[in-house]
Amino acid sequence: MNGFKNQFLLNLASKNTRLDNRGPEDFRKIEIEKGVIENAEGSSRVKVGKTDIIVGVKLDVGSPFADRPDEGVLMTGAELSPLAHPEFETGPPRAEAIELARVVDRGIRESGALDIKKLCIKKGEKVWMVFVDIQIINQDGNMIDTAMLAAVEALWDARIPKYDPKTELVEYGKRTKDKLPMKHKPVAVTFAKLGESIFVDPNTDEEAAMDTRLTVTTKDDGNLCALQKGGFGTFSVEEINKAFEISAKLGKQIRKKF
Amino acid sequence: MTLKREGNRKPNECRPIVMEVGVVPNSNGSAMVKFGKTTAIAAVYGPRSVYPKWKQRSDRALLNCIYSMLPFSTGERCRPGPSRRSTEISQVITCALAPAIFLEDYPKSVIDVYINIIEANAGTRTTAINAASLALSDAGIAMKDLVAAVAGGVIDGTYVVDLEGKEEDASKCDIPLAYMPRNKQVTLLQMDGDLTPKEASEVIKLNIKTCEQICEKQKQALRKKWEK
Amino acid sequence: MSEENQRKLVLPGEEIISSLDYLPGKNCFREGNSIYSKKLGTSYTSNRVVSVIPLSGVYLPKEGDMVIGEISDIQSNGWVVNINSVHDAYLPLSGVRGFIDTRKTDLSRVYALGDMIYAKISNLIGGDSIHLSMQDSRARKFTSGRVVNISPAKVPRLIGKEGSMIKLVKDKTGSRISVGQNGVIWFEGGDEERSIELFKLIEEEAHTNGLTDKISGMFKEEKK
């Protein structure tokens, strides 16, 4: 379908040029809105270029995992709704949606951005369960970085509702001042490899033409907390090390703006 | 203070490795690989026709890798059938093997790679990749290189390779990596954890060195089947 | 040239020769100055072309190959034939000797479901359109006899240089044998058990040296 266009993009890439004239380390315009869904305990809508994602955070009280009795539970899901792109289908999440959810989940969980130890209500019995649901509104490339931004903002936006231990009921609808125990903001930066060139934040055209991608997620202190390589191509060690460098730099820039 | 590992392993040493090619006679190619207790059996069927037909690609083969953990492979029984985790791992394994295959040589077909983890003690996805790479060669599928994989981490400041079960918890991070040694290309890279870019680079460096050694073992295993 | 007789076991991605004076042939590729093998197999060089005979693999059809297949479907203008490859092959009406009037003749009377035929691959288009023809003098329908499968990769060894190996087998067993490039072998008569034994032996030891001599020396005690 896209053979002709892909070839054109690859030709441009060989000259280190992008179709929309961005530099190799340029993100598209990022817009972040918080608290967009009233019924959600936390929410955010992020646009990176034309990619548009809403993340809603819902909280509930439940039992902890047997092997982690004093920790809250974080569950991340993603839905690639058919309204977002002509090629998305209805039905249970397929591999792409599952990968997206798990990569975002790891970025938050592994970095300790959400302190799940502070979500314990009664050890072994009751903990806060944090549900992060990622909804794609419009897919125009780089859902991973966009979803990560939205998920992190939604978690920072979230307020823990009142819980009555006697009735075991959560009081939804009343926004408290209790923030979730968030420690920092992980930022994901995805690199797309087109031929020998590596570009940050690919749009759908670039995603169609790319051979492979590498997502590098960093914390505020510049440490890496998650890596994910996808696609049918390869990376050299030098390319990987360079990606670490650029990701830390861009992570700082993005955090500063928001 | 030197790190004490099970079986007195050095930090840059893998668990005992066993590789056997041609273990599933019904398949077009197969292999079994063990890293310590972790055991994977990979079987390749293909290239063969694609069903439904509209899914096929006119320019190359589809590659379909399915990773599944058998219910008795873990300490606590794991539910049979695909899970979100196994779906993601199947994806990354496909992305780890695809660059090594001449997919364009087999248009309008599919290469199915089924990998079962029959015993799990960490490093299942990398063991799976090692087995699948052998199975693909055994099936006579055109490849650019073999793919070797291993997972590394950092325990008490020491860089270690081939993490086993208990070490995964003790390590600051878990970095599975797959590598094509001939052209020095990384085909799988994931990371869980918290480390500086410099530490990550060091783990990757050690992983790569180990993959080169694992690849030599893969070559031995392939030769062993045919050189009597 | 002595190099033509050198069979070396090579692995996928293994360098066979580092020279710009050679060309990559079957199952080989060039990268930079070197020629590498694409598959697990035995490499050989002939007239400056480096090739690899794979040790395994699904049959990939070539125009001109004779194959043995089974009729798996009958359509309005031809038959679908299973040839143990990635895709099924198609035998069109035009590929059959003589004129068939489809208004008068039921195609299943010519070739019925389950019939085994020895046919030639006449045309390959786009990777999945494999057309067969029965026009070749060797082509026929098998009405009796037995069929055995071996790995298609071993067929060249079974046939041998200029048919020497298959002739040796026919001499040793007295069987009538037809070999399909797709690894399907039809045989009938003579010592059928011995034929099967030899087919399997050749399949297992195709990659070893001295196989011809070994088989020549077999069953000698019985010749009185």
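The first chain written gets the first letter, and so on, giving A, B and C; residue counts start at 1 in each chain.
By definition in this document, a contact is a pair of C-beta atoms (placed from the backbone, for glycine too) under 8 Å apart; a residue touches a chain by one contact, two chains touch by 3 or more.
Just so it is clear, the structure is predicted and the values come from calculations on it, not from any experiment.
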Chains in simultaneous contact with chain A and chain B
none
Need the central chain here, defined by C-alpha centroid distance to the all-chain C-alpha centroid.
B
Most remote chain w.r.t. Chain C, using mean C-alpha positions, is A
Cα centroid separation, chain A vs chain B, in Å, comes to 27
Length of the line joining the C-alpha centres of chain B and chain C, rounded to whole Å
34
Inter-centroid spacing, chain C versus chain A (mean Cα positions, whole Å):
53
Would you pick out the residues of chain C that each touch at least 2 other chains?
none
By residue number and range, which residues of chain A touch two or more other chains?
none
Flagged in chain B as touching 2+ other chains are 180
Touching residues (chain side chain A, partner chain B) in the complex:
93, 95, 98-99, 101-102, 106, 110-112, 212, 214, 219, 222-237, 240-241, 244-245, 248
Show me the residue ranges of chain B that touch chain A in the complex, using the header's touch definition.
63, 84-85, 87-88, 90-92, 95, 98-99, 103, 175, 180, 183-197, 200-201, 204-205, 208
Chain B residues touching chain C in their complex are 28-29, 46-49, 58, 100, 102, 105-109, 136-146, 180, 182, 219, 222-223, 226-228
Partner chain B, residues of chain C touching it in the complex
9, 11-14, 27, 29, 36, 38-41, 54-58, 86-88, 126-128, 153, 207-208
